[in-house]
Structures are given as C-alpha cells and as structure tokens.
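Right after this note come the structures.
Both of the next two complexes hold subunit A, though its partner changes from subunit B to subunit C.
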Partner chain A sequence: MLATQSNNPALHIDADGNYDVDGHFKQLRGQKRLYTILGLGALFIVLFFSLWFANETNSGKFLDRLPHFFDFVGDLIPRDGWEIGRALFDLSSPYFDGSLKFNYPEGRVYITESLYIPEYFYKMIETLNIAILSTLIGFIFGFILCFLAASNLTTERWLRFVVRRFLEILRAFPEIVIAGFFLAIFSLGPIPAIIAVSIHTIGALGKMFYEVVENADMKPDEGLRAAGGNWVERVWFGIVPQIMPNFLSYGLLRLEINVRASTILGAVGAGGIGEVLRLSISRGHEAKTLAIILILFVTIVCVDQLSAYLRKRIVGNQAFEFGA
Partner chain B sequence: MLELKNVTRRFGPNTAVDNVDFAIPEGQMVGVIGASGAGKSTLLRMINRLIDTSEGEINFGGVRTSALKGQQLRNWQRDCAMIFQQFNLVPRIDVLTNVMLGRLNHRSTVASLLNIFSDEERAMAIAALERLGIEKVALQRAGTLSGGQQQRVAIARALMQQPKVILADEPIASLDPRNAQIVMQSLKDINQSDGITVITNLHTLDTARSFCERIIGMQAGRVVFDGGPDDLTEDAARKIYGADNLEDAFSEAVTSTSLNGSRSKSSGSERPPVARPAAEQNPVYA
Partner chain C sequence: MNASAMNLSTKMLTPQDVSAIKARYPDAFQRSFLKRFSTVLCFAVVAVYMIYVSWFFAIGKVFSEGNWNIAGSYLADWVSYEIRPDIDYRTGEILIEFPRFSPLGAEPDPEWIATERGTVTLIEKKQTASKPSTPSTSGSFMAPGSATGGGELSFMAPDSSATNTGANSSNAPAPDNNAEPQTVTREGINQAEIVFSNTAKVIVTPDIVTVMNGEESLAIDVDPINETVIPRDSLPEWALQKRENEKIFINFGFAGRAEIRAKEVKIMRRFFGWENFFFDTNSPYWGQSFTEVVGNVFSSQRLSENRSNISLLVDNFLNNAEWQHGDVYIKLLQTIVMAFVGTLFAVLIAFPLSFAAARNITLNRFLNQILKRFFDFLRSVDMLIWALFFTRAFGPGPLAGISAIFFTDTGTFGKLYSEALENIDDKQREGVRSVGASPAAVQRFGVVPQVLPVFASQALYFWESNTRSATIIGAVGAGGIGLKLWEAMRTNQDWENVFYMVILILIVVFAFDAVSNALRSRLIGKQQS
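Take a look at the complex of A and B:
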C-alpha cells in the first residue's frame, strides 16, 4: 500500500505543476535501501535463533560429538588400495573371515552362468529405475493436468482452482512422508517409493508446466481457434510445440532431483542403493561403504552432466528457433 | 450475405465498436479503414467469434452466427477464415502441416492429433501452396520463413478451410511493399476467381482504394463512411481519420506508391487503375 502510494508520480508534482523526477527517484532509492537494511537485519536474527534452536534440540551436543566424526573417517581408510575395487566388483577378498564384512561375491546378480552384475551396480540400477519411472509417470500426469491449470487455456475458474489445489496437495508432502505411508500399506520394496516419488513429481512438474504454458505465445492458438479447431487440437498444435523444450528441460531437472530422492527413500526401506548404504554404515563395513559412496557419486555426477548437456541442447535449439 | 445489426462491443467502460450496422453481399471485396484504435480488429474478431458481441447480432445466410455455440460455432469459424497481422502460424511446425491445420474442423480430432492426413488433403495443401508460389518452402519450419512467405502460408491455410468468407486483420502491416503487393493481390485473386467474400482491415487508405470495391471507414467504433473507392473524398477521409491523424493515413504513401507501381505488371484485372501516388492524387493531404 505504502509502496504503491510512493510510486505515484502525482505526489511529486510541485506548485508549478512540474513533476520532480529527481526527488521522486531519491525517495524511492531511500525506501529501497531502508528495506534492504531491515531485510538483512531480520535474516541475521533468524539465522542466529535457528542455529541455537538446532543445537538445543540435537540429542548429543553437537560440539561434544564432533571428535567422533574424525574417528569414523579414520576407520574408513581401507586396508589396501584394492579393497574398494573388490567391494565394488564383488571379487573375493583375502580378508574374508566368514563375516558379512568381506562376503563380496555373495551379492552377485548372475545373468548367465558366468556373467554377473556386481551387487552395488545392481542396487544403483534399482534406484535409478525408481527415479526414471517416477519421473516419467510424473511427467505424463503433470503434462495432462497443466493445461487445465493454465489460465490462458482453461477459462472455467472452478476447474483451474480444483486442478491447482490438487497439484498443490501432491507436492505439499515430501517424498519420504508419502513413502512412509505407502510402505505401511505395501510393505518394503520399490513400489511404494515409485508411488511416492511419482506423486510428488506430478505436483512439482505440474506447477512448473502450467507456469510455462501461461507464458506461451498465444498467436498460434488464436490462429487455430479462428480456423475452428477445438480445445484439444489447439493445445496440441498451438501450445505443445512451443512448450515441449521447456517441459523436457524441467523433466530432466526433476530426474536429477529424483535420483537423490530415491536414494534417500532406499534408506527408509524402499530398497536400492540407499538401503545397502545405510546397512553398510551401521554395520561398520568400511570398504563396502566407500564402494557405495563412490558408485553413488559417479552416478549422480553422470546423471547431472548428461541432463545438463541435454537441457542445453534442447533449450539452446529453442532459443535459436524462437527468434524467427 | 453477411449482416451486422446494431453490433456493439464494450470493454469495461470503453466502447470499441459502437452500433455498427451494414450488410455485405456474397463475393464482395471490402476494405475497413480507420485510425489505430477505431475498432477495426474488434469488428473482425466479432465476426469470426474470437470475441463475443456485447449487443446486436451478426447473421450469415440467415444463420445467427453471433449466437452459435460448440461444434456449430467451430463450423462457422471454419467457414469464416481469418488472417492476422502477425500471421499466427505455428512456428515450430513445417509449412505443409501448418497449411493442413486449416482442415482441423473437417476431420476427427484423433486423426489430427496422430498427424494422419489423407493423400487428398496433402495434395490440396500442396496445390494451395503452389497457387501462392511458395511450394518450395513446404517442408521448412514456418518460423524460419520471411514475413511475406508466412502471410502467404496463412492464406493457404485459410484456403484449406474452404471458407465462404475470409477476414484479414491488417494482413500487410508488417510486410515490405513488394510482399504487401503480393499478399493483397492474392486476396484479390481469391475474391475474384473463387467468389469468396473478403473483408480486410487496412491501415492505409490507398491500399484500400486500389484493391477494394467497397470501403468502410470507422472512427471511434462507429461506421462513418461506407461506399466505393471513388466516393472516398478528402472530406470523408478527414471524417474517418480526424484532422490530426490525416497525415498518418498517408504516411505510408511510399508503400502504396510502390504497391500501385508494381501492380500494373502483375494484374490484368478490369479494375480502374488507381496508380497515381497519394500525394499527387490528393495534394492537400501531403
């Protein structure tokens, strides 16, 4: 309210009827600076109390426990340079003592008599599979719903309202909350994780998608409407060709996020790499832990790089074509 | 026969089109002129039903098109093709498909979505492109064409609709003189050889004079002139454009000069030649 009033040039007209631009500018600048200082001050106060509150609510005092972190890191140092490699590729270890710690070959997933996938590669694929499948499901449903939520395509207010609230509810809950719920129903395994990540992805992509649609150029749509095209035809030919690059780009970004989400869900019972990582850490299997972290790291970097490359190509091309 | 009866359109407190009343017999070529904001676009958009009328009615061949709904409305839009200043093609789709999109209303939605067009439709689209002399770019993306080419694609798409009326909203306002000439000539050809009624909004008076057999002048939403090109006197023009904007109406005299100049070689129509540049013709305005 205040801001709109001070933006009003009419208040800066002097007795002679001249508009005092410089005075108006200075007033606006002063106002902006005041807001900046107030904002920064508020930020510091919030930051201080958040840190204090986090430390208070922590079970052990953070600073007291800190040395144990270095013990843990110390234990991680492998016995010899090859131990991580053996854990990674399920090769038998000279240290094998009958315990779980070095039973690498037992996790092999055999494809033929002699050809096998090392356990952690297989688990990583399980996790990637959850991520890819739920991104696809999220993409498809987000795609269908976004046109109904976009104000430039759906003129019925109530329909837009219902679809938008629906998408909001879907993305309101973090994957882990939804997964906990479905794990209770379907018991352990990847299906609850797929459902959970998909639901969240529909909500998240649906919102991004309808914002893209609302920024679409409506001239092609108008041309098709004037030619007697119906709603579905107008959307398909007038809107989809121009928004598709953006949708794909957002879908890839979501895939990056979903790889991480499915890893985390694995740790709470959805299987995959997250589960073996949690077990391995809690049981103190250092070489296995390092092997899993390595494979996770490499996979995530690869997915992110590939996705970044594809996004650049897709959106780059679009930027090139839009000028015409 | 296209009849407008007391048609009014309001946007909030503004009246964009005010109590417009005229009839256009089949096969006429009509130019609608007026200063920017006179309500020309609003008028055409109401006829095509991109927007609704606030008051009054529009009839075509005894059907009240201003009251149609659903499929019947889309059928009317198919019969009443529209061409836009900014072409309104789908830039990322190839030209041939863009032209075939003119058939949307003739076919099932499912077939359209799956991109299934019959051989006849493809032949028809190619014929339309040939007629407009742009068959060479048929497989290029529409967005990569020049403005003049895009507008011809838009006309080809309109032809694919097999319309009874073609509305054109400032079809040459973003084109260079040579392309403007080609586009206006194409519209004229379609009007003369296919007998399709053409109603076109034009920014400049001279283009309307050269190509239209009837001119409707609008000012602040009202029709203030309706007659043949020869009736459009200085007084009439002053009424349409207002004394202040009169220069505007002729500011593109260069455009219209070259329009008329190149016209003589490409058209052998029986229309009276209006080849003199505006400045010469009406020195008062210059």
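Take a look at the complex of A and C:
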C-alpha cells in the first residue's frame, strides 16, 4: 500500500503541476532505509535470541569456557617434532612405555614380511576409496536418472515428478541415519558409509545433472529424431556428448565434498581416517592427532587442487561457478 | 542412414572421393586411439576400479554376512510397534506377563488375547523362604499396591519375576532341593488364544501349543519339566527350529512373531502406527480420543490438582517419555540455530576479509596470498576436526557446532567472495572514482552493488546446506539433533523415534530449500531456481 503510493509519480505533482523529483527521491530513499533498518533489526533480534538459546542449551557456558577456547592447542604439542613423523610412518618411538600413546608400529598394515603401509596412510586410502566409490555409484545412478527427470527429454509429467521427488528425498535424507541403519545390519565397517554417501550423491548429482540436461542444445536431438533415432540413441548421441564435460566437472566437485563426508561418517563409526582421528583426540595422543590432521589436510588440499585443475581443463572457467 | 543417403544422391561416391574426403578431414576419420576408445577405456577403468574396491572392502563377504533378517524388522519398526507379552505355563497354569514399559500401560488387557478359565493342575513346590504363590496375593508388578480385581492378566508369580526383565527366561527359579512337589488343583486360566490376524493365531494350553496360519496348523508338545519342545508334524515354512527339542520360531510376517519355548511362549505382536505418540501411559490423557482430550481441556474439573488442564496437556505432550517431543524440538532448534549463526558470522567475517584478499581491490600481493592461504587452511581442516576441537573447548552443545561451521565457512566464503570480487566489472568502479569519491565510497557504490546479490545468494545456499551438515557433526558431540539421532539408533530399539526425527529434519530441510530458492531467485534472477 505504502509502496504503491510512493512509487506513483502522479502523487508528487504539486498544485502548480510541477513534478517534485527531489521530494519523491527523498521519500523513496527514506522508505528503502526504513526497510533496511527493519530487516537488519529483525536479523539482529533473531541472532540475539539464537545466541542466547545456543548458550543456554550448551553444556558449558560461552563466557566460562572462552578461556579454554585454545585448550586444544595444548593437546597438539608432541614430545618433540620428530614424533609427528614417527606417528605418521609408524616408526618406533624413544618414548615408548608400553602404552598405546607411543606405540606407533602397532597399526602397521603389512603387505609382505617387511614392507608395510603405515596405519594412517592405509586409513586415508580407505576413506578416499569410500569417497571415490560412492562418487562413482552416485555418478552412474545420477546419470541414469537425470534424463528421466529432465523436462526436455521426458514428456510424461508423472514420471518426471516421481523421479524428481525421489532425487529430492535421497538428497535430503540425513546421511547419518542411512549410515546408522546399515551399521546395525553390517556391524562396524566402511560399507555403511559407502551406502550412505552414495545415496546422498545420487540425489545431489541427479539434481545438478538434470539441470544441465535441461540447458542442453536440442538441435542434435532434433537431427537424430528426424533420422529416426529412438530415445536411447537420441540421448546417447545427441545429448551425452555435449553434457559430459559438465557432468564430469560436477562429479569431481562432488568427490571433494564426499572426501569430507566420508571422513565425518568415519568419526561416527564407519571406519577410515575419521574414526582414528576421533579416537586419537579423545585419548589425548598429541603426536598421532597431529599426524592424522596433517595427512588429512594434505589429502584434502591435493584432492581439491587436482579436482580444480581437471575441472578447469574440462569445462574452463565455468568450473568455478558453484551450483546449487 | 548412410545407404539411403547414397541411393538418393544422383552421384555415387567413388573410392577416390572417399579417400579425398578422408584426406581433407583427418580429424574426423583418423582420430587418435585415445579419442576413439575413450568411452570403452573409461568403462574398463571403472570396472577395474570396482573389482579393486570390492576386494579392498571385501564387499561380497560383508554383504553375505549382513544381518538381513534384522533389517526387515528394523525397517518395520519405523512405522510400527510390537507388543510383547509372555505366556508362561511353567507352573501348569497360564500366566500372561507384559514387560514393564509395555505400550499398553500398567494393566493391559488387549482384546487380541482371549483366556479361558477352568481347573488347572499345578505342581507347586513348597518353598522354605517364601510362601507359595497364590493368585490373590500378588498385585501388579508394574503398579505395586494397586488393588486390582482383575488381577489375572497382570499378576505374576513372585518367583518368576526374574524372567520379566530379560529374554533369558530359561533361567528358571532354582528348584529348592528340600521342597516337595505338591499337586494342587484349583481354578485358573487353562487356555489362552492370541490372535495375530484373521487367519493366524496361537492357542496356548499348558501342554500343547497350537499355531494356526492360514490353512495350515501346527501342534507342538511342550514340556516345562523336561524342557522339551516337540512339533507333532514336520515344520511348515513359517516355523523354524534350530535345534531339536529347543525353541521354535514362528513368523507371521508383518503381524508378528512368536517363540515357543519349553516354559513359555513369547509373543511379538506387531501393530501399524506409532504407539502413544501424544501421551505416554502415565499421562491422564493417555488412551483418550481426540474429542475426549478437547473436552477435558475445556472442562473445569482438573485432572491434576495443582495445574490447569491445558498446561498439563502441553507438559504431558512435551515430556512424553517414549517420544520426548520437547527434547527433540529443542535439539532440532539447536541444529537450525547452529547453521544460522555459524553461517551468519562466517559471512560477517568473510565479507571484509574478501575485499582484502581480492587482488584487484587490495593491491598488495603479499596480503592477498596470505589471506587466500588462510581461507584454504580454514576450509581444508575439515569441519569434523573443528567440531571435535570445539567440543573439547565448549563441551557438547550448539556452541561447538556454531564454531565449527563458522571456521569452515569463513574459509569457504572468503574464497568464493574474493573470486567473485576479482570477476567484477571495473567500469562502475572507475565511474565512481572519476567523480572524486573516497576509497570507501568507491567500494560501497562501485563494487558492493555488483556483488551483493551473489554474496547473499551464496550465503543462503550455504545456510541451507549447513542445516544438513549440522545434523552430521552433531553426532560427534557438536550438539543438535544429530547426537539424539545417533543415540536413538545405537540402541537399535527406537527406530520409530529415528523416523520421527528424520521426518522433522526433512520438513525443515525442504522448507529451508524452498525459502532459500525463492529468495535467491529474487536476488539474482530466475536462472538459479
């Protein structure tokens, strides 16, 4: 009501018939400022109550615990700098006293009599394999489903509707519940994490894929249709070649996300590096924790860089437009 | 296609023409090996990798060892519940016992259990310590002291109360060596009929248990003294006896299961729905229909002496022992708050920093690089690691989650924002600068209007996606509904509560998704939604 009134220039014509531009501008500006202040005020009030609520329901109060904010740094100081290297490569420690804390060689995974993979490298490979395998599974099923969800390739409304809702549910279903459910069936191990991350990936990639497919150029498809190609041929020869770069790019982006997701799921019991990290932090093994953080950090940086490089090669600068 | 095209053309292609065309377009006809076989190679690599991981994770072995029977019953638990009475006949008389926290309340008398009274012959052992049990002495175990007339269904013999708690009911009360068995004949329950569905039921008498399922029926001789269970016929498909003379498992599908043991029959009768969803059995509102509840709320007669009916209703609902609505809502709100505050703070910090990190705005390479590496560091130390650290700093709760999201997303936003700033159109900045504006005004009027919609859109996207992440990091102790979900799952008994929370999470995620999509499409045009 207010907006329509002030937006109407006719209301700003004075008795002499002159249009009061300045007055109108000032009024519009004032109105905009009012809305901005009201919006910021509302945001501030919500933020205030959110913080109060978070503090109230937390087990330690913010101000009481603030001096302990950097306590974790104390958990990260090893006996000497070489301890990190020893923990990383499972070499025996001079401080070994029979406790688990300095018993680095215990986790060695032997391939032959003398050749071994250090524990954390093995665990990192496990986590990476979880991420890669679930990205592949997600890619394959997302690839199959996305053409059924795209409005330019699937004319049946109901089919599109069903596939889209299905992908939405796969995407929104909390990964932790899927992991927990399969942990109950398979007992501890990485398989539940693979299933959980795969299911989420199918939903997430499926959505991105069908949006790509909907933006595809339909001229090749028309040509194939004119030549009598069936649906599968039209998709495979008309659509797939032009969308494959984008699909690969999204797949790589997903791989980055899945490395993190499988680490987190590892921490709740699904094996891999996440689990040893959580155990190490809770037991206060400084050198082990640092070694794990180091290997995890380096891996994530490498995966991110490699994926960014490949995506740049595949689709150019489009790779850095992040998608929803 | 090619053949028809050639037939239609007036001039046939001679071999020379073909080779000429081949020579003219070498790219199209003689592609490199990699290009020609890239698809096949991709499939081959994927196949080899799949074989490798299935060996690495021993996928075949894990799947074959998976507890698939349990999966079905866990899944059924999401939308249904079991009532588990034990039909005990070790004394010669039939006693029906319900577990302590039965969804049916303190004195269950379900209509699907029919009993018949008659003369029963009990072999009672005279005990030195306590008096032999008589039906009238024992009150209900669940409600001690409640003088109930219809005690037949809720009483239990004192010496069998140990069986109430666990499944190991084979631990019969130790027979007293000095006691002399004494045969008593009196009136009691001599037959119980448990109806599972129209066609399936179990009829229990002290010596024979008859199971009827569809057309088939199976009679089983039970002997509590020699502890044997012997079926009279060969077992049908729905019955299973793992060892001779030991318990027989009966499976009625969704309707439930039964375990026939030498001394008792364990019934697991499944019902569709969520039991006692609104009020638990201790609430005065329990078992009332909707109209009754409404009637009670507005009636002047108080159900509880010291509080109004409406506050009793709200309290009973929120503190429902089985569903814990109040706690679930608080935890869900924590998750939302974690995502909201964490994202908002990250935006507030990343916004000024990204101006310093963008190389076209701050002309200091060193500062640019330092900030960018700092963003990379924050982003690459996983949200999990931050969550574990801050759980140690603040204790379990949303503050740890807020901090973890804040640290990770400051890095993410810093990177995204500085990249967006580096891609802005320079003309507007030049225009503002050319009229002599101060450096701050150049940024405010030359840069911010260009990037603000993108910034806000990205913030909204991450707000929504953090709502999902907050659920997961909650499980490692960072507060919110994640931990509650994880606890409910670990017991393997509260799958209905898990499903309830999942539905709430889905509602929140879909609502945020819709809100964020709507706002974003208004901010940066329609192409995003």
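Things worth noting here:
Note that the second predicted complex is superposed on the first by the 267 of 324 C-alpha atoms of A that agree within 3 Å, B and C clash if a C-alpha of one lies under 4 Å from a C-alpha of the other, contacts with A are read in each partner's own complex, and residues count from 1 in each chain.
Simple rule for what comes next: a contact is a pair of C-beta atoms (placed from the backbone, for glycine too) under 8 Å apart; a residue touches a chain by one contact, two chains touch by 3 or more.
Owing to the predicted nature of the structure, the values given are computational and were not obtained by experimental measurement.
Touching more residues of subunit A than its counterpart among subunit B and subunit C is C. Contacts of A:219 after superposition on the shared chain: subunit B is touched, whereas subunit C is not. By the document's definition of touching, of the two partners only subunit C reaches A:185; subunit B does not.
When both complexes are overlaid on chain A, the residue A:122 reaches neither subunit B nor subunit C. When both complexes are overlaid on chain A, the residue A:89 reaches neither subunit B nor subunit C. Of the two partner chains placed by superposition, A:166 touches none, neither subunit B nor subunit C. In the superposed model, A:227 makes contact with both subunit B and subunit C. In the three-chain superposition model, subunit A touches both subunit B and subunit C at residues 227-228, 322, 324.
Against subunit A, in their complex, subunit C makes its touches with residues 1, 46, 49-50, 53, 56-57, 59, 62-63, 65-68, 70-71, 74, 330, 333-334, 337-338, 340-341, 344, 376, 380-385, 388-390, 392-400, 402, 416, 419, 458, 461, 468, 471-473, 475-476, 479, 482, 485-486, 489-490, 492, 498, 502, 505-506, 509-510, 513, 517, 520, 528. Across the complex, subunit A meets subunit C through its residues 43, 46-47, 50-51, 53-55, 57-60, 62, 65, 68-72, 75, 126, 129, 132-133, 136, 168-169, 172-177, 180-181, 183-187, 189-191, 194, 227-228, 260-261, 263-265, 267-268, 274, 277-278, 281, 293, 296-297, 300-301, 304, 320, 322, 324.
Listing the residues of subunit B that touch subunit A in their complex gives 48, 50, 74-78, 81-82, 84, 86-93, 101-102, 104-105, 109, 112-113, 141, 143-145, 154, 157-158, 161. Remark: subunit A residues 219-220, 222-230, 232-233, 236-238, 241-242, 321-322, 324 touch subunit B in the complex.
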